[in-house]
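To keep things simple, chains are lettered A, B, C, D and E as they appear, and every chain counts its residues starting from 1.
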Amino acid sequence: MTPPIIYASAGAAVLCLGLFGFLAARHVLRRILALNVMGSGVFMMLVALAARTDPPDPIPHALVLTGIVVAVCVTALALALLTRMCRDEGSALLPEDRDIE
Amino acid sequence: MTDPWIPLVAVGLPFLTGIVIFMLDDRQVALRSLLNLFGAFAKLVLVGVMLWGVVNGRDYGVRLAIAPGLDVALHVDALALLFITLSAVLWALTTVYAIGYLENAAHRSRFFGFFSLSIFATTGIALAGNLFTLFVFYEILTLVTYPLVVHRGTQKALAAGRVYLCYTLAGGAVLLLAVAWLHALAGPRDFVAGGYLREFGTDHQFTLILLFGFLIAGFGVKAALFPLHGWLPVAMVAPAPVSALLHAVAVVKAGAFAIIRVVYDVFGVEFAQSLGVLGPLALLAAFTILYGSFRALTEDELKKRLAYSTVSQVSYIILGVAVLGPLSTIGALVHLVNQGLLKITLFLTAGNLAETLGVHHVHEMDGVGRRMPLTMTAFTVGALGMIGVPPIAGFVTKFYLGSGAAQAGQWWVIVVLVASSLLNACYFLPILYRAWFQPQSAPWPNEKREGFDAKAVLLVPVLFSAALAVGAGIFANAPFGPLEWAKLISSREFGYGP
Amino acid sequence: MGPSEWLSMVMVSVGVFFFIAGSVGLIRLPDVLTRLHALTKADNVGLGFIVLGLSLQAGSLLELMKLLLLWPLALLASSCACYLVAEATLLQSRRGPGARRHVR
Amino acid sequence: MSGDTLVLDLVLAGLLVFLAWRLLTLSDLFKATVLFIVFGVLLSLAWVRLNAPDVALAEAAIGAGVTGALVLDALRRLDARGPADEAQPLRLNLPRLVGALLVMGLGAFLLWSVLSLPPGWRGLSSETAAAMPRSGVVNPVTASLLNFRGYDTLLEIAVLMLAVLGVWTLNAEPMPPAEPAGPILDVLVKALLPPMVVVAGYLLWAGGHAPGGAFQGAAVLAAGGILLHLARPFNVANRGVVRLVIGFGFAVFLLVGLTLATLGGRFLELPERHAGILILMIETAAMISIALTFVVLFVGNARDNAGRDTS
Amino acid sequence: MTQESWMEGTLAAPLLGAVLALIAGRSAASAIGILTALVGSAASIGLAFAVSRGGSFRYAVGGWGAPLGIDLRVDALAAVMLAMTGVVGLCISVYAVGYFRGKEAEAASSRTNTGPAWLFWPMWLMLWGGMNALYLSGDLFNIYVALEVVGISGIGLIALAGGSAIAAALRYLLLGLAGSLLYIVGVELLYAGYATLDLEQLRQRIDAQPSTWLAAALMTAGLLAKSALFPLHFWLPPAHGHALAPVSAALSALVVKTGFYLLVRLWLDVFAALGTEHVTTFLGALGAAAVLWGGVQALQQERLKMMVAYSTVAQIGYLFMLFPLASMSGSLTGALLLAVSHAMSKAALFMCAGSVLAVYGHDRIQSLQGFGALMPMTAAAFALSSISLIGLPPSGGFAGKWMLLSAALAGGAWWWAAIIVLGGLLTAAYLLRVLAFAFLEPVVASSTRAPRAMELTSLILAGMAIAMNFALLPLHDLLHAGGAR
């Protein structure tokens, strides 16, 4: 049970939790958080994968760095869209989820 | 050395005139009429050159590769010339008539643009060298005639257009499947007298029968075969030149011509007979003939009655094709021309009646003979021709069809011919009787013009076409006459003299 | 285990004791203001002891300086944060219970 | 692999999974957001355990810091505007159950494929080690980020620019005039801002030979900016100079790549002798742009308080 | 001009243009936009010719070579998609100049108080750059970043329209982000299995391990979400329907092709060795369902832009029918030609919708009487692009459909042939339903005229869609010269 295996399994678990949270949640902010959690899960698996060699393989680290920055950009845009939608349409749910309140 | 220029110009000319006319503004009447007339008569000259060339053995053809093993080919042979001569002559007539008919109507540039595009498509169909090119131009014809059918811009016209599209696009889809299937089966093949599918007959027996059915269904839509004729009467809402175009010059003829190509130059008539598909085709044609005539009997609106008569007349051609034998083939081919001449005369006269007196229905035609003698004489010539009274053109067809059927021993065909002639008489003679022998019972619905008869520009084409119909009957055997040409084609198809 | 290891072990354990006290306070105390009190006071002292304990083990002077810099920064940050949270809760209570749970 | 670090790893991994589950099923959105920030901080600890210091820095600064601030700010705007209480807890109905089963199946399959990976796996560490001397920097992560896979980073900065453009397009309503934040925040800003700028500079410089680099530096700089904005709300409207700074990093990177291509090399092919300097130049430009980008993403409106369209 | 320099031009032009447009701001954004569009499309067309002459080639960005650095691979498939993006992109840029100068845009942005209209240009050029990067890329993770660039710029462009487009953009973002994450999990599993991110090396090393199958499944799921194939298509109609006309033209004509292209690259190139019969049949079945479902939905739409958006869902289905027919010769040429002529005619259709909106003020189909008389050029463009979409003879759509059909019939696949023909009829139903209104007499004598640039561009684009009929042979030679099957 070396650290890479522990964190890779934890990453897989976090990824699945995030995916389930994304599919199940209806409030968009919760779905955004779920997607971020899912992203973190993916990155955990990737870095755990890289840690299996003694000088850790730098390529996955670069990939994860790029991934984190892209994730924050998409999250920022998503939050701006959410606040704008909430201001215009009064609800923080997507139109198709609203009517089955 | 195949000369590519003549066919290219023959097809390209109407296309270019069409595009240029689209650009013109509605008010530029003189320029548009000039362009139209120039296009029509230049076409006539071209057809003359081709006629002279083919008789002296010159070969015209051009080929453009679209994809590996798939090319658009234009090739001028005797059958193509028969059809293209007919359409060129009648197009010139209809153009002159249309210029007069649409004196101050709206959207004329649009009308004449699509009008010459439809001739572009018809010429393409006539000159097509292989089934793929025929199919391409066949579908283009649908596209360019639709705006003509809905030209009036009323809800009724739109409804007619919708029906027209349903039939023709459905037919087109079936055709696409069949042509692609045949292409996949037989590979890239050009039309060849006697057909090229004989070698596939052994192991693809069932598929070929199915394909024949699909092709006849696809082309049958425009040839107004029984279940697929629904659009023709409905399309009568279009202005007279368009109905003339639809019936005599382009659309219906294209369907019949395509079926002739399929039977003679794709399957080959002997191979089709061995497949056993000609029998049901003959039955279907015969049924359509009778059905069309019956419906015409009860139809009060003049143009609808003429429409049903077209439905039955075109099936004469298909009947001739379906009966094995050179004589019936001659009958079919010569009827292609005769029916065109007769039908255009009838429709142009109907147009005159509607345009001058506002007469649309048979019951309004009492005493119209006295009011518009020249138009009615042309109508009478056309009607008698349809019935088959010699010396007008219709008689030649029926004679050859009858003798062909006798030669092939199919006696029931003669019974059908006689019955349909009687039916023709039943729905044409009452009109003549009303026009000539009945006094004028009611004021004309809306008399636009007091003068002697219709306007000159409407009258001349009508009389000219009536004269042509009579001429085609009397001088049938003259060199370059329709009968002579039909014999030449049929001899090439059957490989021996008439 | 030389005398310096023993001393830093003792210091760190005292620090940890203070952290535990802070956490117990966080859980047991009734309202926000008292919890803030427990958090900032106990944890900062705890942190101080841990830093002192670890500084004995510091390898180089640079590492020692970095460790010692850690404590004042933590102090500054936690006291400001404590002030802001307290101010927010006061604003919250003055505007009445009905007002939305408005975190400034 | 001594026993005690195993316990630490197990506890940390377990805590992360628990936090992820708790975060998604809590009914109160504010608690969920706080847990999300804690999750980010713990995650950066995990990166340290996995021997990935660069990623740990980035995660702490960007993943937990900037994202956390953004989510809190968004929650405040949602809270102020409307029904944050629409966040009912996740009731387990049939479609969710099916979804859960499906996802668990995926998780099991993922886990199994992770466990069944061949132990002797070397990845690309040998190739990277071989190419390091020609990369112009000592830190392999910075080398692969800016030299080996520089093209990825170029597109990544493009994504950053697009996020700003998107936020400007949305034109969220201007910040409500905040009550004057007491003297304490000013003291904090005066005390923390200068060291932050120094730390950012250090991180940028250290990136060449130790964990650090443009993104981490930019995140610290942006944190300073956000802190300043909390103390004295300033507006980063869509003005000329702001657009120039935001586009500056990407433009420098692209132009360096193009000039190298025109000088006979390949696009973004850093010549061995100047690789170090070029990387530093690109990183400096990128850091400034990215820092301002994060600040604009946080402040986020194209019109100044008076609602005038400034561009 | 060597092949490499053409490729560098194609790659860098839109990106450089985007950042310059961002920095220039309102004053010179559209000027830079048009200039970049010209340079970019010229470069991509030049690249296509270079590939047809010199065959496909690889390009190591940064000079490091495959496993470590990122390799770009330009073969015939990529060259065709790039040329398509170039040509249609140029027309969209010209249309956008006319569109945003028209007062329609000013009214829109003030009414829905979105950001200033000039923001269209940097985002549109970045979208174009992202697509070029995606088609050129031969590296799995690089494709991911390019997908993100395309995704985010698309979202920004949709949000430019304000109003109900905001919710549509948010839905598109959530689905796109989830799709990308699934894609990344797949990439990670492949990297764990084969220690390389390069497509070419992956193709050589691939073998049928369970983790490879899982990776392929996850990547396909992610890309299906992005290319809006039938079950995952629900985000597309509101997003493309509510966006501004040039934006929906760009999205419907070009962006949906990226997902399709990547799936073709994966299943017909990289994973080809895995034995993909049932997967390709599954994709084909989804495509067939999309054709029927999209067509039926389009028939019931009242608004013109929503109808055209649903027609995109249907036409994507057509493209996916390439998968079950991939083994037969000529099917790839047919699908590519369908993709290109669909791009042209779909962009022309959305431009017509934009012109109609500019003149009529609304796009309810029922009350568009006589738009033929009022706007002859737009009606002609609408007619020509409908002909190409339906696949009636003289058009590129027909040539593409013919190749697919003869491939299906040669392979004895009756099902696919029937669907192809039926789909054409369905398309005819919902497109010609609208065209009929052109021939009615105009009820409202609207005096406003759509700017000439808008109508002319849509007509030129529709004409090109028809002219693509004759592009079948050069495309066939290009594909064989470029080494793709």
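We take it that a residue touches a chain if its C-beta (ideal position, glycine included) is under 8 Å from a C-beta of that chain, and two chains touch if they have at least 3 such contacts.
Predicted model, so just to flag it, every value in this text is computed and none were measured.
Taking the definition of touch as given, a chain qualifies here only if it contacts chain A and chain D alike; those chains are E. The chains touching chain C as well as chain D do not exist; no chain touches both.
Overall, the chain located most centrally, as judged by its C-alpha mean against the mean of all protein C-alpha atoms, is E.
Placing every chain at the mean of its C-alpha atoms, the farthest one from chain B is found to be C.
Put simply, the C-alpha centre of chain D and that of chain E have 31 angstrom between them.
Put simply, the C-alpha centre of chain A and that of chain E have 28 angstrom between them. Remark: chain A and chain B have CA centroids separated by 69 Å (rounded to whole angstrom). Touching two or more other chains at once are residues 15, 19, 32, 45, 49, 59-60, 63, 66, 70, 73-74, 77, 81-82, 84 of chain A. Among all residues of chain C, none touch two or more other chains. Touching of two or more other chains is recorded for no residue of chain B.
Screening every pair of chains for touch gives A-D, A-E, B-E, C-D, D-E.
Only residues 64-68, 70, 107, 135-137, 139-140, 142-143, 147, 150-151, 153, 155, 157-158, 161-162, 165, 169-170, 172-174, 176-177, 180-181, 183-184 of chain B touch chain E when the two sit together in their complex. In the complex of the two chains, the chain E residues touching chain A come out as 68, 141, 145, 148, 151-152, 155-156, 159, 163-164, 166-167, 169-171, 173-174, 177-178, 181, 184-185, 188, 191-192, 197, 234, 238. Of all residues in chain E, those touching chain B in their complex are 330, 333, 370, 373, 387, 392-394, 399, 401-403, 405-406, 409-410, 417-418, 421-422, 424-425, 428, 432, 436, 439-441, 469-470, 472-473, 476.
Every residue of chain C that touches chain D in the complex is listed here, in rising order: 73, 76-77, 80, 83-84, 87, 100-103. Of all residues in chain A, those touching chain E in their complex are 15, 19, 22, 28, 31-32, 35, 38-39, 42, 45-46, 49, 59-60, 63, 66-67, 70, 73-74, 77-78, 81-82, 84-85, 88-89, 94-96.
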